Every structure is written in C-alpha cells, then in structure tokens.
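Paired with chain B in one complex and with chain C in the other, chain A is shared by the two complexes that follow.
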Partner chain A sequence: MIARVGRWLFLGGFVAIIAAPVYIVIVSTVKDNAQLFTNPIGLPSPIVLSNYVRMLTESSIDTSFRNSVVVTAAAVVLTLLLASLASFGITRLTRVSGGLLFGLFILGLAVPAQVNIIPIFLQFKSLGLTNSLVGLIIINIASTLPISVFILTTFFRQLPPDMFESAVLDGAGYLRQYLSIALPLSRPALGATSIFLLVIVWNDLLYPLLLITEQSKWTLPRTLLGFQGEYLTDYTMIFTGVIIASMPMVIMYVLLQRFFIAGLTAGAVKG
Partner chain B sequence: MRHPARSPVAYLFVLPAAIFFAAFYLYPAVMTLRYSVTDWDGYSPDIRFVGLSNFTRLFTTDIIFQQALGNTLRFMLVVVILQTFFSLMLALLLVRNTRGTIALRTLYFFPTILSSVSVGLIWLFIYDPYFGLINETLRRVGADGVQPNWLGNPAIALYALALTQVWFHVGQMMVIYVAGLQQIPAEVFEAASVDGAGTWDKFRRITWPLLLPTTVLVMAYTTMQSFRAFELVWSMTQGGPEGATEILATLIYKTGLLNFQIGMATAQSVIFMLLILSVFWIQRRAAALAVR
Partner chain C sequence: MTQPVRFEGATLTYPGATIPAVNQLDLAIDEGEFLVLVGPSGCGKSTCLRMLAGLEAVTAGSIHIGARDVTNVAAKDRDIAMVFQNYALYPHMSVAENMSFALRIQKAPRAEIDRRVREAAALLDLTDYLDRKPKALSGGQRQRVAMGRAIVREPQVFLMDEPLSNLDAKLRVQTRTQIAALQKRLGTTTVYVTHDQVEAMTMGHRVAVLKDGLLQQVDTPRALYDTPVNRFVATFIGSPAMNIFQVPIVDGGVDLAGWHVPVPREVLSRASSGEVLLGVRPEAMRFAAEGAPMTVTLVEELGSDTYVYGTLARSDGSLDDVVARPWGIASPAVGATVHVAPQDVYLFDGAGAQVRLAAGG
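For the complex of A and B:
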C-alpha cells in the first residue's frame, strides 16, 4: 500500500516537473507580459495573439525557419547517403581493412568534433565557407558521420550473407546489391538514423554560432539565442519563438512517438 | 567465409565519406594538436613554436582554466549521479508495458527532442529570481525569505545548470534502462519470489547485477552529454557569474574566438580531448572490474 502510494507520488511529481515548464511556455505565448507576471500559472484571459503577430512580422524568424529547413534536409539526406555507402563498403572489405576504416570513423564518436572548434573556424574561414549555409551543411555532415556509420555498419553486419547470394549468382555487382538489397532491408535502421540526425541538426546551435555572423543566414537556434538579448525579460515573446522553433519536431514526435524514442536511443542502445 | 567475392571496388563506396571525414574531422583534429604548441593569434603570417609552454602555463598560473577544468568535472559528476539515479528509478517504476506507463514514458522523454537553446530559455524563466516559477512558488507557499538567485549566485549556479541538464535528458536514459530491464527474464524474479526474496533483495541480488552493462552504457552516454553541454551553458549563463559555470567548452570558445589566442585555446582543446579519453578509459576499466 505504502509502496503503491510512493510510486504514484514519485511518478506524479515527475509529471509535474516535466510538464509544468512545457505548460507555462505554451500558455505564455497567448498572454501579454502583465498577465505572465501577475498570473504565470493560470490560463490566459483574455487570449492574446499579438506575440505571434509580432514574431511573424517584426522578427526574422521566418527566414531562419527556411534556413533551418534547407540545412537540416540537405545535411540529413547527404549524411545518410555517405554513411550508408561507407557502411556497405566496410562490410564488403576484409576484416582487417574494413575494421580499420570502421575504427577510424569510431574515433569521431569518442572525441566529438566540437573539441576542435578553433581549427574548424579557421579552416572554414580560409575556404570561404563562413556565412554560408553550405558551410553549415558540410560541418553537420562531418560531425554526424561517425554515429551514422556506426549505427548502419552494425546493422549491415547483421544482414545474413545468403540474402545477397542469389543476387551475386545473377551477376549483381556491389552497386546493385547496395541499391536493391541492402538499402530496402535496412529501412528500420535508416529510419532510426534519420530521426536521430534530424533532431541533432535541427537543434544545432554551436556551428551557426561559430560560422555565421550574418543574421540572414542564421538558423532557428541561433535566432532564438539572439532573442535573449533582444527581448531581455519579455518572456512571452521568447516563448513564442521557442514554440515556433520547436513545432516541427514536436509535431513529428507526437505522430511518430515510438520511432522517435527508438531513433534517439539507437546510438546508445546498439553500443 | 561465405561472403560474396571481395573486391577493391568496395573501397569506392567508403571513399566519399572517408574524404569528408578526413577533410573536416581529422584535419581540424590534427591542427588542434599543431596549434597547441604555438603562440599563434590567428592572423600573423609566422607561427612561432613554443613547445609545451602553453600547457605549463595552463596548469601552473592560469586560474581561470583550472576553475573551468574543475567545473567541467563537477558538472559531469553531479549530472551523472543524478541522471543515473533518477532514470533508473523511473525505469523500475515503468518497466511494464501498459497504456499508462507508455504514456508516462513518452512524456518524460519529451524534453530530449527540444534544442538546448529552447531548454535554456525556458529554464532562464524558471530560475528568474524575481518572477521565475520556482521563486514564485516559494512565495506562494509562504517561504518569502527563501529567494535564491539561482543563476546569479556563484555558489549554486553550476548545480542549477546541472539540474536543467538532468531535466533535459533523464527521459532518454530512462528509455535505455527500460530496454535493459525488459531483457531480464521474468522467470529469474519468479524463482527469487518462490525463495522468499523481498523487493530490495531482488533488486540488490538480481536486477542491479544484471543491469550493470546498461548502467555502464547510461553513465558513458550521460558523461558524453555533459561534455557537450556547451550549448546549454552558452544559452543560460555564458560561463558566469564570476566563472562559476565556465566549462572547458565555453572557455575554449572564448579564448580562441573572442580573444584570438589560438595557441592557448587549442592547448585547452588538447587537454579536453585527453580528459574525455581518460574518463572513458576509466569507465571501461571500472565496468570490466565490476562485471567480473
């Protein structure tokens, strides 16, 4: 009895800890500042839409949104392509050379790319890749290749060799095997990896902070960071920005819960 | 070896990714090592070799660096202890798959999909000393005298950030623990129950030892996340007040990109790199000993 009450107290307390901040953020976006400060917890009365109107008219959040979509889409697709090709190649090499190449990529798992931000900045500057969405795409690919190669190679290694045998007898080369056997069979792994990448790239603040000074090239996290200085303690505006920036991930999370949870723990669980 | 004939064509598949990785990961990593033994400012044409003097200075006279190193380790320890404990508790309470437990797991996991900046901005409001959620709640329950300046007081700011980090990722670790728990066969527990083992006995003698590989995984992952907390710290305190939340990642950024001390910043990076590698080595050794 006591154990049961304790269980629900603990779980309920955690519901409050997780949900209360989220609730406050959502209701604050339809309050004005006076309402937020006199009544931060209650429901809004009246409902105010001016935050959204102001956000969409006077800030550059729409440009940032577009930039985020471009960078995320390009980086995720290209990383998946490069990583799946590499992982397939690794499984077709001998144990020694395949293992060596795999080990090289895994090095990037141990030491995150962000340890090397200073040389990355200098390198991108000298290549003219600062203030450029292409530069952002490139660095996001480079820093997420290790985890993607890791997940996909682990998966490809589990595919039974006889699945490929009849194709080989039919004279299918590596490209054919990759395209018509390996890729279709690994849809779950590709799906998990793409969700993982989607969340990482969409939420990335470090690289735009490092490489982009022009506001017209900012992605959403960088723009949100700017709001902190621009709106100071105008939390209703800041939260409206947070909602707009988080919306795509939240919608996808609600629709694809199980896949999101599996995808975001894929790198960890498969270790 | 029943694998289809191997041919060098396979290298062509690895080539694009390898080139990318070499150019934009390995090259910067090598340059970190190279710059760390110079006093380059990022502009002058000649780069002067200064041996290990950057490193000796960091460890002997650079108080700011030493504070950041200490903060990085303290942040890691607090986050790892709290996050491992709470994620295990949640997982133990939600291990069965019912509609209710799945709904709760989905809710607890939710913050993981947000960006560090969003989480940082939300928690700036929660910690706000005047109209923040915590101090407001304290006032309402009559504790008017207790109004900590959560992020402004150097004695507690780092711990406030650690709590935010735990809020951010505890659900993710809970999911890993649930997966680990569900792999323990139910018969093991049934046999123990027949033998009259109580809840605590079962946890101590069955769950905890069998879960040890998962715990190692959770700790390793949490450690890695704590080392990557740059974005959260940068959006909340930028290392302040008085350097109380300065971690190595924020210090490297400031030294290299705001003060243009490339040599010094990359020396800090090298130490950060070695720190990360040695923490993982220690964890692996500890895991190997514990499993034995």
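For the complex of A and C:
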C-alpha cells in the first residue's frame, strides 16, 4: 500500500514537473502582461486574445513560419533520401568496406555542432550561402545525416539478406532493390527517423543565428528570440509564439505516432 | 544429351580461410535431371549452389550453364531461379506480386505476366491466395509461393536450398513428393540441396554426396546405397546408418566378435594393415542360430520396422555398438543375447584411406 502511494506520489510529481511549464505557457498566452506578472499561475481573468492578434498581425511570424516549413520540409525529405541511400549502400557493401563507411558517418555524431561553427560560417560565406534558406537546408542535412544513417542502417541490417539475394536472382539491380524492396519495408524506420529530424530541424536555433541576419529569412525559433530584448522581454508574446511554433510538431506527433512506436520497437522481437 | 550445368574444378576459398569451402568440384548435370547435393552441415553443399547461382565468386575453376561459361557472369544474367531455405518472399508484396516480380523487371507484357502467374498458381494450388500477403499464409503455402516465383521465370535451371526444412515432418513428406512430381512435369534441370539423406534418396535422379568441400560420390540413389565408394558415403546414406566394425584379418576372412566372416583372399590382400573396417547394413545383420553374440540393449518398434540395438563384445573385451533390422521374426527382449550373422558385407581400408576394398560377400 505504502509502495503504491509512493509510486503515485513519485509519478504525480514527475507529471507536475512536465506539465507545470506547459500549463503556464498555455494560460499565459491568454493573459496580458499585467495579469502575467501579478498572477502567473492562476487562471486568466478576463481571457485576452490580443497576444494572438498581435502575433499574427504585427509580427513577422507568418514569414518565419513559412521559412521554417520550407527549411524543415526540404531538409527532412532530402536527409531521408540521402540517408536511406547511404544506409542501403552500407548494408550491401562487404562487412569491412560497409563498416568503414558506417564508421565515417558515425564520426559525425561524435563532433558537437558548436565546434564547427566558425569553419561552417566561413565556408558558407565564401559559397554565398549565408542569408539563404538553401544554405540553412544544406547545413541541416549535413548535421542530421549521421543520426539518420545510424538509425536506418541499424534497421536495414535487420532485413534478411536472402531477400535481396532473391531479388538479385530475379534480375533486380541495386536501384531496383532499393526502390522496390528496401524503401517499402523501411517505412516504420523512415517514419521514426522523420520525427527525430522534424523536431531537430524545426527547433534549430544555432544555424539561423549563425547564418541568417536578414529578418525576412528568419525561421520561427530565431523570430521568437527576437521577443527577448536586452532590457525588456515580452513574455506573453514569447509564450504565444511558442504555442504557434509547437503546433505543427504536436500535429506531426499525433499523425506519425504509429511509426514512432513501431520505430522504437522495430527489431525488438524476431518476427 | 547436352549438359546444362557443369562445374569444372570449381573451387571457393573464403577470404581468410585456409581450407576451401568447395574444393575442385567436377560435376556435370544432365538436361532435365533432378540432382541432389547432400552432406552434413558445413560440407559446402549450399556454397556449391550459391556458386552456381552467382551469389559467391568462384576462386578457381569454372562453371558452365548451357553453352556459356558463367563463371564471371552476374547472378541476374544466369537465367536461373532459386528457392531459398526461408523462402525470402517479399513481405510487402502480395503472392501475385511476389511471383511476377522478376517478369516485371524484365518488362514482360502484362498479359504474359498474368498468364504465367495464373498458370503457376493453378499448378501450385495458390489461385485463391494471389491477393494475400505472405504473412497471411501458412508455412506450406509460403513454400509454394517460393516455388511459384521460380516457376514463372521459366528458367534454364532451378536451384533449391533446403526448401523443406521449415516445414513440419508430415508436410515435408507430402511436399517432397509434390516437388519431385512438379519437376518431372516441368522437366527443368534442378539442383537441390539438403542435409536429409532420406530427402536426397527419394527425390534425386542422382545424388552427389559432399564432405568437407570435397565431392565423395555422385550416383543414383540405389547405386549409392549398394556401392558406396568409401566409409563416409556408406554411413551417411541409409538410416539407421551402416554398422562399422574394426576387425582383424584372419585366414580367409575377418573375425567379428568371434564369428568368422569369409572374405576373398584377393580382397584381403589389398588391405594396408592387419585390420580392416567391416561394414554391415542393419537389414543385412541377420539373426541366426549361429553367429556373433549380440546383447540386446534397446528395441524400437516403429510398426512397419523394428530396430534392435545392442553390443558385440570384441576379443579384448571392448564393446561395439550394433543395430539390426530383423525380418519376419519376433523381437528379442532387452538384455537377451542373440546371434547375428552378417549377410552382405563391405570392407573399407582401416588405415584411414577410407577406400572401399570390396562389396558383397
């Protein structure tokens, strides 16, 4: 009995730690600044929608939203394409050469992104890719390729090699094996990987800070940062922006949840 | 008669290995023949098949299919179809899509694809399952889909790598006959790999026995049984296995637990030492009023057959295991002593050469 109560208390506390900030953020979006500072935890009274109106009319969040969608969609799709091709190649090569190539990709995981910011900035500047969404897409692909190759290679290695040998005897070349067999079978893994990538790219602040100075090219996280001044921070606007920015992620999670669970448990049992 | 498949000195040594997985294989397979490669695990039989399929590169020698030397031809261009041990079906494709995959790659006309798939499905009793995915099929049906996938290709050669090993015992026997009948009907040259000597003997027109990458003997099932070339083939083919006893040569024959087994002198003269290996098939171990005394340790009644297991005492007191299949007599009791007189014997050189000295007797 005591153990049970203890467990409920522990789990309840855990839920509170997670839920409290979310609650504060959500209710704060329908408060004005005065309410926020005098009563940060309580329910709003009256409910004000002016933050949303201001956010949608006065700020450049629509442009940022569009930029974020473009960068995220392009980066995720291209990363999945390149990573699945690379992973398929790695699993079809011999153990040694495939392993070496895999190791090379995995090295990318070992290097923190922050270490590379100066070389990246200099290189992108010389290539004329600063202040450009294309540049942002390229750097996001480069930075998320290692983790994607890692996840997909692990998945491809679980596919029975006999199936590919059978395809070879059926007359399938590598491209056909990739398109007709590897890709359709890796949908759960691609789904799970795409969720990781969506979260990483959508929330990325480092690269927009590094490469983008023009406000018209800002992505959402960079725009939200704009509400935080040196002397004054507009908390209600930040919170409203956070809610708007996280909406697509929440929707994606709901839509792709099936794949996410499948991806987590893929290969757990021999089937 | 043309020989659509020929191995000429085909050798495969895996990188890093010192002993070849397949060593100097010379084997020619006739048009329309059902050839079975049989041997214990690790003997190189599957490797032979994979070499023929083009899935393993040959390190020496050559492989020919029809008039072509295919040693360096890519697997997809060899015009062969293979049935894998675990079937290797494409799980995301329906039965019809699995069967038509190769034809679609060849860009065969749609009507032609449909016709061939329907014909193969009818042949294999799969017509009702064409729209199903492999996971919705039983083991036997999956096995038939794998066969169907090979059949629609209408290849020059079928390769089958232990296709029955994932089926239960009853279904295996049933499918065994179906495959043999199907092969006869289609008349396609077939190379079949199995570790099961019963499968080999019942299905193959000829059986090739391999051990440690070396071809031991290739012959018809009957000939393999009756005239094995060495001790390995003699004991591998036949169930229960042939009894082998190390026996001393005595005047005019050999001595089996005090019982004189006559052997022609010219045969004995070929032995390299004073001892030879005497081989006796269980059914040739006749129970008689006089013979070597055998102590019965176990009796297996299978209904159609009875196997009597026991021991023979050598002159030095050590015991040799022996199995007999008595005909038309009441089974002896466990612990009883019966007398056995070998009827047909095989002699193998005991000096390790494992060369058959003679058969019959």
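Please note the rule applied: the second predicted complex is superposed on the first by the 247 of 271 C-alpha atoms of A that agree within 3 Å, B and C clash if a C-alpha of one lies under 4 Å from a C-alpha of the other, contacts with A are read in each partner's own complex, and residues count from 1 in each chain.
As a working rule, a contact is a pair of C-beta atoms (placed from the backbone, for glycine too) under 8 Å apart; a residue touches a chain by one contact, two chains touch by 3 or more.
Since the model is a prediction, treat every value here as computed from it, not as a measurement.
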(Q) After the overlay on chain A, what do you see for chain B versus chain C, clash or fit? (A) fit
(Q) In the superposed model, which partner reaches more residues of chain A, chain B or chain C? (A) B
Q) Can A:166 be said to touch chain B (first), chain C (second), both, or neither? A) second
Q: Please work out whether A:141 is in contact with chain B alone, chain C alone, both, or neither, and reply first, second, both or neither.
A: first
Q) Should A:174 be classified as contacting the first partner (chain B), the second (chain C), both, or neither? A) first
Q.
Under the stated touch criterion, which partner chain does A:203 make contact with: chain B (first), chain C (second), both, or neither?
A. first
Q) After the superposition on chain A, what angle is formed at the C-alpha centre of chain A by the C-alpha centres of chain B and chain C, rounded to the nearest 10 degrees? A) 90
Q.
By the touch definition at the top of the document, which applies to A:14: first (chain B), second (chain C), both, or neither?
A. first
Q. Is A:218 contacted by the first partner chain B, the second partner chain C, both or neither?
A. neither
Q: Could you tell me if A:184 is touching chain B, chain C, both of them or neither one (first, second, both, neither)?
A: second
(Q) Applying the document's definition of touch, where does A:82 land relative to chain B and chain C: first, second, both, or neither? (A) first
Q) Measuring by CA atoms in the overlay, how small does the chain B-chain C distance get, in Å? A) 5
Q: Indicate the residue numbers of chain A shared between its chain B interface and its chain C interface, in ascending order.
A: 162, 165, 168, 173
Q: Would you mind writing out the residues of chain A in touch with chain C in their complex?
A: 160, 162-163, 165-173, 176, 180-181, 184-185
Q) What residues of chain A sit close enough to touch chain B in their complex? A) 3, 7, 10-11, 14-15, 17-22, 24-25, 36-37, 40-41, 82-83, 85-86, 88-90, 92-94, 98, 101, 104-105, 108, 110-123, 138-139, 141-143, 145-146, 149, 161-162, 164-165, 168, 173-174, 177-178, 199, 202-206, 209-210, 220-221, 224-225, 227-228, 233, 235, 238-239, 241-242, 245-246, 249-250, 253, 257, 260-261, 264-265, 268-269, 271
Q. Within the complex, which stretch of chain B touches chain A?
A. 2-7, 9-18, 20-21, 23-29, 31-32, 35, 42, 86, 89-90, 93-94, 104-118, 121-126, 128, 131, 133, 136, 167, 171-172, 175-176, 179, 199, 217-218, 220-221, 224, 227-228, 230-231, 234-235, 249, 252-253, 256-257, 262, 265-266, 269, 272-273, 276-277, 280
Q | chain A partner contacts - residues on chain C that touch it in the complex | A | 53-55, 75-76, 80-82, 84-86, 88-92, 101-102, 105-106, 149, 153
